[in-house]
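These notes are about the structure you will find just below.
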Amino acid sequence: MSNYHELKQKNLVWKLIAYVVMIIFTVLTIGPLIWLLYSSFKPHIDIIHNIFAFPASFYTDNFVQAWKLGRLGIYMLNSIFYSVAATSITTFLALAAGYAFAKFKYRISGFFYFFFIMGLLITVHSVLVPLFVMETKLGIDDTRLGVLLPYVAFGLPMLIYLATAYIKGIPDSLEEAAVIDGAGYLTIFRTVIVPMAAPVTATMIIFSFLGNWNEFVFVLTLTSKTSLRSLPVGVNAFAAGQTMNYGVQFAALVIATAPMIIFYLLFHKQLAKGFAAGALKE
Amino acid sequence: MTEKTLKKVSYAALTAPSILIYAFIIIFPILFSLSLSFTEWTGFGTPKFVGLEQYVRMFTDSVFLHGLRNNLLVVGISVFGQIPLGFVLAYIIYRQLVKATGFFETMIFLPITIAAVVVAILWAQIFSPAGLYTALMRRIYDDPRYVLKIFENKTWAMLPVLFVILWMYTGMYMIIFIANMQKISPSVIEASIIDGASEGQILGRVILPSMVNIIFTTAVLAISGSLKSFDLIYAMTSGGPAHYTEVIAIYMYVNTFKYYNYGFGSAVSIVIVILSLGLILLVRSVFRRFEEKYE
Amino acid sequence: MKKALFTMAVLLISAAFVFAGGKQGQGAEGPITLSMFEYENLTGPEAGNWEIMLGTFYASHPDIKLDIEYGFDEPYHNKLQAMAVAGQLPDIMFLWPLKRTGEVTGSGQIKDLTPWIEGHESEFVEGALAPQGSKPTDKIYELPEQMTSTHVMFTNNKLLKDLGLSIPKTFDDLLAQGDKIRGAGLIPIAMANKAGWQMQSCFLSTLTERAGGMEWFRNAVDGNNASFTDPEFINALSVIDTLAKNEMFSPGLNQTGYGQGVTDFSNEQAVYHIDGGWRVNAYVISLTPEQKEYVSLETFPDIPNQKGKSGSTAAVVGTGYGMNEKLEGARADAAWDWIWYYSGPVGSAIRQGFGAIPAYKLPAPANVDLMIKKLIEFWDGRPLGYVIDAVLDGEGMNVLHPALQEMILGDKTPQQVAEEYEAWVAANDSARK
């Protein structure tokens, strides 16, 4: 066909454009990160003198300083605690609610479901002030509980959305089989729903963990004690302008970023699937 | 206990904790916010009722209005920047117009895993007078006094901020689009190639129509996300210089937590909520019309 | 998987309560335990100094134990305010004189330290024990640790000599130096104004005194037949405006993060650096011994139509510790022990070594860094003026700082800045009420 050559030519042009776009994007994306990484191994003076240069040697003092001064050890622990705790609680509650909404044919479920979906549209700041005032009056401000509750509350909408959509897809026959065996609802939940929901649970966990780990505003506002704060807030202290040591600042950024990047590189397939699953049901 | 009661109790047990926490953290505070927005309060003593005064004050404050404009810019770049860009990237990967798609996909998604604060500090550093970009430009222009002047321009100061927002979130939309494109049955694509369709035609006649729904979803995500944007901008410029890059979330934060105007801050919060809802409903109606076109 | 989920959830929920973070504990018998809220940048260079202060205190006061919570910058003030609102202030806290923590000191929850200070007044520098608080009262809520100068013009005399210049006597002299300095690829005056307060605190305040003199300044603050739209204030603003228009500042000054000025000056990229006296601490660390020889501490040269005093700087009584009104008897005495330790003879001597100029009168120390010596000399006999954000409301700064930035960026004239600020002050400031 004479069309074939034309097609091939056209495709070549498209392909070229495609490559250019991709490469530009990738360079823009990773470039700064790579620069950040190797710059963190340079002492402050070297960074000032030549901002582009590769480090002369493996200057690890920045990391030591950042870790110590920035109390990054405590912040890391707190980040881990908040993320793990909030993620587990939210996932568990979302699975439970998802089961209820998906399988118990009550009309009121529709109302509750909508109620939660609205939460996706609510920005953190709408509740920040009253939440702060409320927590202060109740005495739970500046406590771990005071941070966990908002994390869970804001995590629920998305996770309930994912859970409900998925659980709807679990065949009723499985439940009926369990009922015949004499199982009560909570047993069904434990033995049928939760195992069957493993894929979406994995997605929920990853999604939730990512959001919680990077959360900044709540911890900034609702806590003041160093012993309670998390990495994003701790890292922000290095931006506060009192720092003149870029090397240490960069090291702090690397420390704050590395866990998530590693986590991502290991689990990115699951994450992608999660976005697909979540976005599919529209 | 009867069958029916057992069912009700189980339902309650499954949903109550979520509903209670949610109501406590979100619903109740919003209502509280609403009532506070009609008062003046510094936290000490009892709030003083002032009617709509806070709202009037807000809408007559040029700083707030400028912030609002900036928010709309962010919404704009999210909906008209991130989504098309994400779509293009997704398309390239899906149609395998390049090799090593896995590699590209992973790399472009990477920025999302980084905390907004870290992204902000990184880019603030890069754009600062002592930063990477400035150093590069100084070499290129051979001008040792070069600085990124755009920050000093009231109209365009948001540009670098918008760029960073784009950098950070485009990958997410790319992934969503890829996943949805993969739903399209490959045989349809093959058929159109055999029929002699060009790349452009494949894009317009096959891919796009099936993506209308998902584009709507992403638009909603983008809008709610951009009205929320606080972390990134706050850590990058704190809304400066001179309020040039301030968005209403920062405006609210500063007035509430720096100057202790809780009544005023609540009024701003309520406006943010209404704004989100309003914009999303707007997008919804626009998309209803698109849907009709493609049905 | 399911069992793990269950047990994990249960464990974590209980852990959440356990780990819910504690509130202040009560003191036990024996050593007196006091709760303290400390203002400290634990990532900054001064953190080490704090450890030394604490250590020395504990060594000499084994019967007192301090339960310390740390905060810095905005979060510190937010938390302090929240604690005051909830009526849950700690036993000892770090306070500002005048406006910065005015709501807290004015809330009646801070003890007046006057009875304890009685008899010691003459041991302090003049002006250090002026009444504090958000309204003029006779009370002293915190014992100032130092006097702070917010305006110092650090000068690199070697660069000046290399360029064939000398320390300018007048504003016009300084302007004339601009071309030569820029021609050599250097920055005339390094400053970092991203946060906006530096221009007001470290420069405008001093210029205001120079332009109008202290009597006028006081009257403008009080609204006593003077205001900020007077030609004096506009003159002060115009100085900054002229400097900006003549490219005398660091390029990108309003985007520059706060430490950059020191960096530029230390790298000899700038001839002058305007910052607060506290910067001396940074220079102790970042300047080489040779550099310390030829760096001098000056103030801005005379400005046209100067009604104030030549060589004046803006100064403010420093921060210090105060105690909770609720403390009585032995606990109050213990709190005073700390306060007196820190701002009195013992602590002041230690802090002198760190470069502080204590409010407590002490002879100049022998073995201190050259830069600190220079700072002490700087203070000697120097006329002082107000710092604007110490005598006027903080919320007004939200109007003044951006307006200043806009003026520097060329979007506003000095006249407009003056009018905008005066309008706010007249309508809202507590000094005018």
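Think of it as A, B and C in the order they're written, each chain with its own count starting at 1.
The working rule: a residue touches a chain if its C-beta (ideal position, glycine included) is under 8 Å from a C-beta of that chain, and two chains touch if they have at least 3 such contacts.
Since this is a predicted model, take the numbers as computed values, not measurements.
*Asks:* Based on which chains touch which, is the overall arrangement a line, ring, star, complete graph, or other?
*Replies:* If you draw each chain as a dot and join those that touch, every dot ends up joined to every other.
*Asks:* Of all chain pairs, which one counts the most C-beta contacts?
*Replies:* A-B
*Asks:* What's the distance between the Cα centroids of chain A and chain C, rounded to whole Å?
*Replies:* 39
*Asks:* So the centre of each chain is just the mean of its C-alpha atoms; given that, what is the distance between chain A and chain B in Å?
*Replies:* The computed centroid separation for chain A versus chain B comes out at 15 Å.
*Asks:* Could you work out how far the Cα centre of chain B sits from that of chain C, in whole Å?
*Replies:* Each chain's C-alpha centroid was found; their separation is 37 Å.
*Asks:* Which chain B residues touch at least two other chains?
*Replies:* Residues 43, 124, 130, 257 of chain B each touch two or more of the other chains.
*Asks:* Could you list which residues of chain A touch at least two other chains?
*Replies:* Correct list: 48, 132, 221, 238-239.
*Asks:* Where in chain C do residues touch two or more other chains at once?
*Replies:* 78, 82, 85, 194-195, 257, 260, 263 - these are the residues of chain C that touch more than one other chain.
*Asks:* Applying the document's contact rule, which stretches of chain C touch chain A when the two form their complex?
*Replies:* So the residues of chain C touching chain A come out as 1-2, 5-6, 8-9, 12-13, 15-17, 19-23, 41-44, 47, 69-73, 75-76, 78-79, 82, 85-86, 192, 194-195, 257-260, 262-263, 267, 282, 286.
*Asks:* Taking the touch rule as given, give the residues of chain B at its contact with chain C in the complex, in rising order.
*Replies:* 42-44, 63, 124, 127-130, 134, 144-149, 151-154, 238, 240-243, 254, 257-260
*Asks:* Can you list the chain B residues touching chain A in their complex?
*Replies:* For this pair, the touching residues of chain B are 6-7, 10-11, 13-15, 17-19, 21-22, 24-26, 28-30, 32-33, 36, 43, 88-89, 92, 97-98, 104-118, 120-126, 130-132, 135-136, 167, 170-172, 175-176, 178-180, 182-183, 196, 198-199, 213-214, 216-218, 224, 227-228, 230-231, 235, 249, 252-253, 256-257, 262, 265-266, 269-270, 272-273, 276-277, 280.
*Asks:* Touching residues of chain A toward chain C in the complex: what are they?
*Replies:* Residue list for chain A touching chain C: 48, 69-71, 81, 84-85, 88-89, 91-92, 132, 136-137, 139-146, 148, 190-191, 194-195, 198, 201, 220-221, 223-228, 237-244, 248.
*Asks:* Show me the residue ranges of chain A that touch chain B in the complex, using the header's touch definition.
*Replies:* Those in contact with chain B are residues 1, 3, 7, 10-11, 14-15, 18-19, 21-22, 25-26, 28-30, 32-33, 35-36, 48, 51-52, 93-94, 96-97, 99-101, 104, 106, 112, 115-116, 119-134, 149-150, 152-154, 156, 160, 184-186, 189, 210, 213-214, 216-217, 221, 231-233, 235-236, 238-239, 246, 249, 253, 256-257, 260-261, 263-265, 268, 271-273, 275-276, 279-280, 282.
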